[in-house]
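Quick one: the structure is below, and I'll ask about it shortly.
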């Protein structure tokens, strides 16, 4: 975390710039290097990066453990799908609609939920997912119940008279990459702003933060809403990529997966979450591991994270990195 | 010592179930004064502090800060709008963050006018934070913590952490500071430094203080006036010398 | 009309008894560990599968399968207790949530990997109907109610009079003091955990003939049903849990009949959230300290 890093210059050269450039080049050239299936895996992991970024603001920076992310992800997916199917609005309108609805919905849900402490808060956020799924299943006139919504158009853009649709895996990859990069930049702006510092203060010690004038309740509510907005964006892209949504978008295991991305990558770090989504979503998708086996592996990861790696797996990489640098 | 008292508490009461932890206490802190608050364990000092600072809600009575009624305000609002800050006995710093970050956080809500403005990332926002950093560095120097400024606050000794907390409370130019046992659990060598810091803030910055402390030597050396609580009520009030002579106070301490 | 209602209430009591058997273990575990076990429904599933394997692969009669299912669950719980739950003593609440979520993933998906994800037919149990006071119900349902009542009396006795029960109460009062007076907190935690999980397994085995079908994902729904029960029953409170389970069972049964079957599974959580929003601190303050 940037706030923790000592300002003393580390021995050796600063490799951040070349490393960052390498990442950018790799990201841009990925379609040339990867096969169609691997590219699909990267797309899925970039989609899950959006709700994970939101969850990281909540869990990693503000210290609130939430399982609600799948609920807002599902809301975003449905809002976007309904707008596209019924109104035929262009993609970017659906995307913002999804984020907006999810974020605004988080206000009435967050006000009562954030009054609860620790386990009760977790339980309440889990309730949002369960109730979201029940609504998606039973509001049949709107959501078509278990059948879900299908034939969601591929993203298309309408700018003045010109309009074009993004089709094909490569086109979609660049679209998702742009959205994910933008989202990552926005998260960076938030966590490096004074508000980001206050969020960390709340995580470290809520009462002490209060005592220096930080209105912790308002911050928690705002961060809850921002995190829901990110989940809504993710749901929207997800709906347009898969072209179908069903009540299964609201499942507990989606929330668990987003939690594993954040905790496994490194809560309270941005690069950790990017790394986490590539590792836990991208890699497992690319290796075509049976979904059940993947879930078992996630389960063991959670146990390992809780008992041995409270800072996620990213510090292992950092250690490896410094080891390499120390040798050269 | 003329004019309105900076802090004017009347009839403050707080019960937990059947226990009346604080029972109708009146107390005033005058402008520019260091006022001590002593009493045996369980006499209601901490509850009194919590109700005054907004951490707990009193059942009855009123708290006026600088003429304004702040009864029932939340802790963060009293800090932010009233510029009355308080310390804690145990949790004193944001342990994972270095000293400078600790101090910047302490100053932020007094520099930025609203929650929304803290999300700003433009030049104005950066200039404000730079200003806070500068003030933080000055205070770190004054507290003699310059050499350890890059370490996580949680790694430092109890006394050093108390100094950090004290410096944090000076970030926003406070009117009044409530200190909850500033000397508890710190190295005797550092006691002198904390006393100096309190004197400096009082004399140079014009901050008034209300101090809970068990160390009677410290109380007699820094306080102009002392109030004694016993079993939730105010037992006595006066200069340190008067309090030391007071028969009722002696009995309360000796378990009469 | 009245007759129909009474039938629904009886059905509700049966459901409530099933929930009660699962929830009581969860609430006892909360009592000693101050952590909510998000994997508790999975032990219900493990119990059911244990019995199903005994019947399907070994041709054992149902009563023996009950014992097999409970023993299988207790064994799984013992392993998890030794390796995971012990470590959770004194850990923050979040660690408990995450670790038990992990266990839920492992148990549920291991069973699917072993036996496949489809629905399986559970053969066995006593499904002959009997008629009592004009209400007819399967013998198995009567058995469930009887076992639930017996278990609750047994637990009351255990908690009040046995050494283990006293240790359990002591641990749920104050962990630090127990360590001082020589109670092995970790041992108490593991034992309580195994007992609680075995009760969930028992509940699963007893319900299987009524549910007829058995599948790997069945535990999750049970977890979601019991979470509201243990909170509304006052975390750690055995008697309160029993009543909360009965109320939820009856409410679900009535909602399924008079409102719509599709709303049945959300009754618990919807109620829980309303209650939490109405009294954010009230429900917890009685038993649990936060």
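A, B and C label the chains in the order they appear, each numbered from 1.
To be clear about the criterion, contacts are C-beta pairs under 8 Å (C-beta built on N, C-alpha and C of every residue); 3 or more make two chains touch, one makes a residue touch a chain.
Here the structure is a predicted model, which is why all the values come from computation and not from measurement.
*Asks:* Using mean Cα positions, find the chain sitting nearest the overall protein centre.
*Replies:* A
*Asks:* Going by C-alpha centroids, which chain is farthest from chain C? Tell me that one.
*Replies:* Looking at centroid distances, B is the chain farthest away.
*Asks:* Can you work out the whole-Å distance between the CA centroids of chain A and chain C?
*Replies:* The mean C-alpha positions of chain A and chain C differ by 33 Å.
*Asks:* Taking each chain's centre as the mean of its CA atoms, how far is chain A from chain B in angstrom?
*Replies:* Distance between chain centres, rounded to whole Å: 41 Å.
*Asks:* Please work out the Cα centroid separation of chain B and chain C, and write it as a whole number of Å.
*Replies:* 49
*Asks:* Quick one: which bits of chain C touch chain A in the complex? Just the residue numbers, please.
*Replies:* Within the complex, chain C touches chain A at residues 35-36, 84, 87, 91, 93-99, 101-106, 108-110, 112-113, 117, 220, 224, 227, 231, 260, 262-263, 265-266, 269-270, 272-273, 276-277, 280, 284, 290.
*Asks:* Give the list of chain A residues in touch with chain B in this complex.
*Replies:* 3-4, 6-8, 189-190, 192-195, 197-198, 200-201, 204-205, 207-216, 218-219, 222
*Asks:* If you look only at chain B, which of its residues touch chain A in the complex?
*Replies:* Against chain A, chain B makes touches at 53, 55, 74-77, 79-80, 85-88, 91-98, 101, 104-110, 112, 115, 118-121, 125, 128-129, 150, 152, 168-169, 171-172.
*Asks:* Mind listing the chain A positions that touch chain C in their complex?
*Replies:* 65, 112, 115-120, 122-124, 126-127, 130-131, 134, 137-138, 252-253, 256, 259, 263, 290, 292-293, 295-296, 298-303, 305-307
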